[in-house]
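Lettered A, B and C in written order, each chain numbered from 1.
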Amino acid sequence: MNIKFKDCIEALKKLDYGGMYEGDFFLTWEKSDDEIAAVFAVADALRKLRERNYSTRIFDSGMGISIFRDNSTRTRFSFASACNMLGLSPMDLDEGKSQIAHGETVRETANMVSFMADVIGIRDDMYIGKGNAYMHAVADAVKQGYEEGVLEQKPTLVNLQCDIDHPTQVMADMLHIIHHFGGVDKLKGKKIAMTWAYSPSYGKPLSVPQGVIGLMTRFGMDVVLAHPEGYGVMPETEQVAEANARRSGGTFARVSSMAEAFRDADIVYPKSWAPFAAMEKRTALYGAGDMEGISDLEKELLAQNALHVDWSCTSELMRTTRKGRALYMHCLPADISGVSCEKGEVDAKVFDKYRPLLYRQASFKPYIIAAMIFLAKVKNPAAMLQKIRARGTERRI
Amino acid sequence: MNIKFKDCIEALKKLDYGGMYEGDFFLTWEKSDDEIAAVFAVADALRKLRERNYSTRIFDSGMGISIFRDNSTRTRFSFASACNMLGLSPMDLDEGKSQIAHGETVRETANMVSFMADVIGIRDDMYIGKGNAYMHAVADAVKQGYEEGVLEQKPTLVNLQCDIDHPTQVMADMLHIIHHFGGVDKLKGKKIAMTWAYSPSYGKPLSVPQGVIGLMTRFGMDVVLAHPEGYGVMPETEQVAEANARRSGGTFARVSSMAEAFRDADIVYPKSWAPFAAMEKRTALYGAGDMEGISDLEKELLAQNALHVDWSCTSELMRTTRKGRALYMHCLPADISGVSCEKGEVDAKVFDKYRPLLYRQASFKPYIIAAMIFLAKVKNPAAMLQKIRARGTERRI
Amino acid sequence: MNIKFKDCIEALKKLDYGGMYEGDFFLTWEKSDDEIAAVFAVADALRKLRERNYSTRIFDSGMGISIFRDNSTRTRFSFASACNMLGLSPMDLDEGKSQIAHGETVRETANMVSFMADVIGIRDDMYIGKGNAYMHAVADAVKQGYEEGVLEQKPTLVNLQCDIDHPTQVMADMLHIIHHFGGVDKLKGKKIAMTWAYSPSYGKPLSVPQGVIGLMTRFGMDVVLAHPEGYGVMPETEQVAEANARRSGGTFARVSSMAEAFRDADIVYPKSWAPFAAMEKRTALYGAGDMEGISDLEKELLAQNALHVDWSCTSELMRTTRKGRALYMHCLPADISGVSCEKGEVDAKVFDKYRPLLYRQASFKPYIIAAMIFLAKVKNPAAMLQKIRARGTERRI
């Protein structure tokens, strides 16, 4: 789909998203439909501007702080890229090099790293009940710091993946779907299968499937969640999905086989994750410092995974999708059978066929993050985008 | 205190600080009173400008190199923030990732990381007789490199904490005091208690107490240093404090109890540190590679600390200060009883009451560092500040 | 030599180097003489501009990604400096902090870190047959990503040291030679001795000697390669050197003693490296995961090195060079006898005498890297350099 810059501006003018100014971004379902649409419109507009070599800087100086409590490549670089294109300098808080081990409180650290911060991006996805709560603690702390005159600006918090949702990922996924099918109005009645897939590794976060069912149910699609018994996601996110589906005129269903999920699907998203109950158990074991218990749990989970090695995205399965050509999606990196592991989430043949589309999917993330920051920092985003275009500063001279 | 931008300019115009241009910043007592005042005036002016959304960039490109030989959060982010607000890109020399283990000399490394460096900030505070000497070696090396045509610019060295002084910390502390009491002219006769406090951790640097007595004695205050027997600081810094007090019309006294120090104090700064003699011993043990000796020393020091667990800042003690409401200060992070440790430097109740003020205290550091760089890089700082304001470039559009 | 800005522009106008636009830089011998000359001319021009406080930014925003698969100080800072002076933000891909261990493919990682990347610099020098191949895989991947619409720009690849060549080092070395002798036309018939030297450390890469003989033979010089038996370099690079020498009217010879190499030399470059055959063996051992084999090989190599402890650059040897004052060169850090090791590549007396020249040699690297990027990103470099000068933006206000 070739979206035009002026269409983005027109779209923005019709939306009500004023509440995003000076706000944060935690979970997609805390945002209105208009707010979600505004993120897409700004992301598209920023990408258009960059493609045409316009500088999209709205900051002359300022910093973007990131805190990664789990490894990351694409989200790390997406966040840094988003900061860079807006004129902010990214800086990572490496907790290992800091004095945090000293017993410093979250509130204190949050303020101490934010003296010049316009945005804070956090990834904290491993422990149930912790990641999102930590992000709120940080956001509250810097808001208070701003009000108390500690900080000259209030940093915006962007959730780069928590225990509940992975908004920058699933928003990028959704924008990819919109582009692929030619517009949000083309999605009514499309079937998307979010399914568990086998992986020889252990303990992958649940935020992607939870985020997918929490967001994709808002567009009138038929969203199907499939997983083996015992691999359920956080119940609250299923409730969100149900409510969304009802409101949007779509459906949300759970099925217990990959085959059923894939049948006539327009979009498939096969991906491994750990059972919610196991993640809760692990959180408790970490809390108790029970390393032996964690090691036992790991073995148990790998054995449990191994019972479902047939949950893999094959060419045969892909042929059962709508006209045999559903859009295959993954948040990457995928466990590819015969490439990164003996047997994994997807066959190499399927992955290779969709590779360019998968990279394209990932490429929306920097723009989604930039749009989230933009909407939090700019009072009149449509006017600012037009101003950026009118000033005509070249990004690369 | 609401300092006005134009007051900063007026103050600067009356001061003689020309010697700071193209200079370095090692120890506060190597600077004249006017030079110290100039740092405060520029720091206040830069903060005013940033509050009002003026871009304070004086560099279009260029780098700020940091070398942290000890963990750091707030100083690391303060340095990066100071660089950012002036237009420099911060870059950390991680000695672990470099070829320094190869046996490279200080002179060589200093030049090799400074090709585009306008400032070098160093933290090296753990070994007596080493940190400050290392900074001088780096500063001499890049000066020579500049003169020999290796470097196109001479980087300014900023001491981010050495074995002797912690100038960016204590200058930020002092500016906080000035703001809190409504001006430097209000400080005459105020009593400030720099006192040792109990901590369950070992070997904290002496640069803060040394820096505090070396700087705070310059403003006509009554500076009291209190610590248990055996916890003396570097004798030279006490001599500096004595000379300063004599010159400024204040006093410098040593007492041997926290209670005595706190009595009628206007400001209290209770903080743990290691005995100077122990730090000297440790330096020698490290030099000899005697790891067993270090481990023994550590146990000895913790046992010694444990004898003084009553040196803790409590609400009761705070009530004995002037009108029961002295300004409580700490360089952070503090060891807070019942929060970060069982028993520590300060009670949670006291800390919580002063938390906003403590964060405010910390928030001066980026501006102090920026001011030090500014004064080393700008020939006519007052005119440049006015020029920055007149050009009116917005920081955030 | 004092090269004038306008001479650089005149030189550029006479050269044919259009093929560098949107290209990569892997090996010097893949570039034409005019292309090599263009890098020197742009590097000199950029340095002149920076010396005179002109901003040399050609990017308003954008990123420079570095991947260091071996430790590095000067190349790391040179790359970051080059990015900074052109307006790009450097960002390092720390493979330890990424999800690469997850089994992600090179093609995928390359795209995932390049969303806003204008340049990718890679150091991968340890394994024969691997480093250069890896760089090509990355360059191919991002070219494809650009063509498929994943990336909005095609990042230029700059080889920061591979198993075959170290182009940014030897180009900086060569520019140093040109400046030292007063122009490329003064080099005809000059003798340069690239000789092995003893080091107590093991397994140094071969890319410097290989790069030196591959580049320095292009200027009509008499290039001599000397090493003990068994320390041969990659045969292909000797073939390159031979062909170059024939074409340029110079010579390329191998000798088997340092004394012979030094005799009447105008330039000496004594430096340790591992035998090519041993590096190949090590690559195979790593491939097989044979850590014991590697440990044995290391011992073997150190024992082999120890047989040639007399291959050291002494004052006596230096006296045998042309008029006793050959230009001594090293890529740094050097193993200096009595300084960084008991017995090493060079005597402290020799090193100290040449220290300012050695640092000057190193100082060309950021400009060489910046020139490589500039030539890949700017369609008409001569006109752009003039434009930069005409716009007159100050780097430091």
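Points to keep in mind about this one:
Just so it is clear, a contact is a pair of C-beta atoms (placed from the backbone, for glycine too) under 8 Å apart; a residue touches a chain by one contact, two chains touch by 3 or more.
Bear in mind that the values here come from a model prediction, so they are computed numbers and not experimental data.
Counting steps between touching chains, the shortest path from chain A to chain C takes 1.
Where chain A touches chain B, under half of the residue numbers in use are shared by the two copies, so each contributes mostly different positions. Rotation relating chain B to chain C, from a C-alpha superposition: 120°, rounded in steps of 5. Note: centroid distance chain A to chain B, computed from Cα atoms, is 41 Å.
Of all residues in chain B, those that touch two or more other chains are 57, 89. Listed in rising order, the residues of chain B touching chain A in the complex are 47, 50-51, 55-57, 68, 71-74, 76-78, 80-81, 84-85, 87, 89-90, 201, 332-333, 335-336, 339-341, 355-356, 359-360, 362-363, 365-366, 393-397. Looking at the complex, you find that chain B touches chain C at residues 57-63, 65, 89, 91, 93, 97-105, 107-109, 111-116, 118, 145, 148-153, 377, 384, 387.
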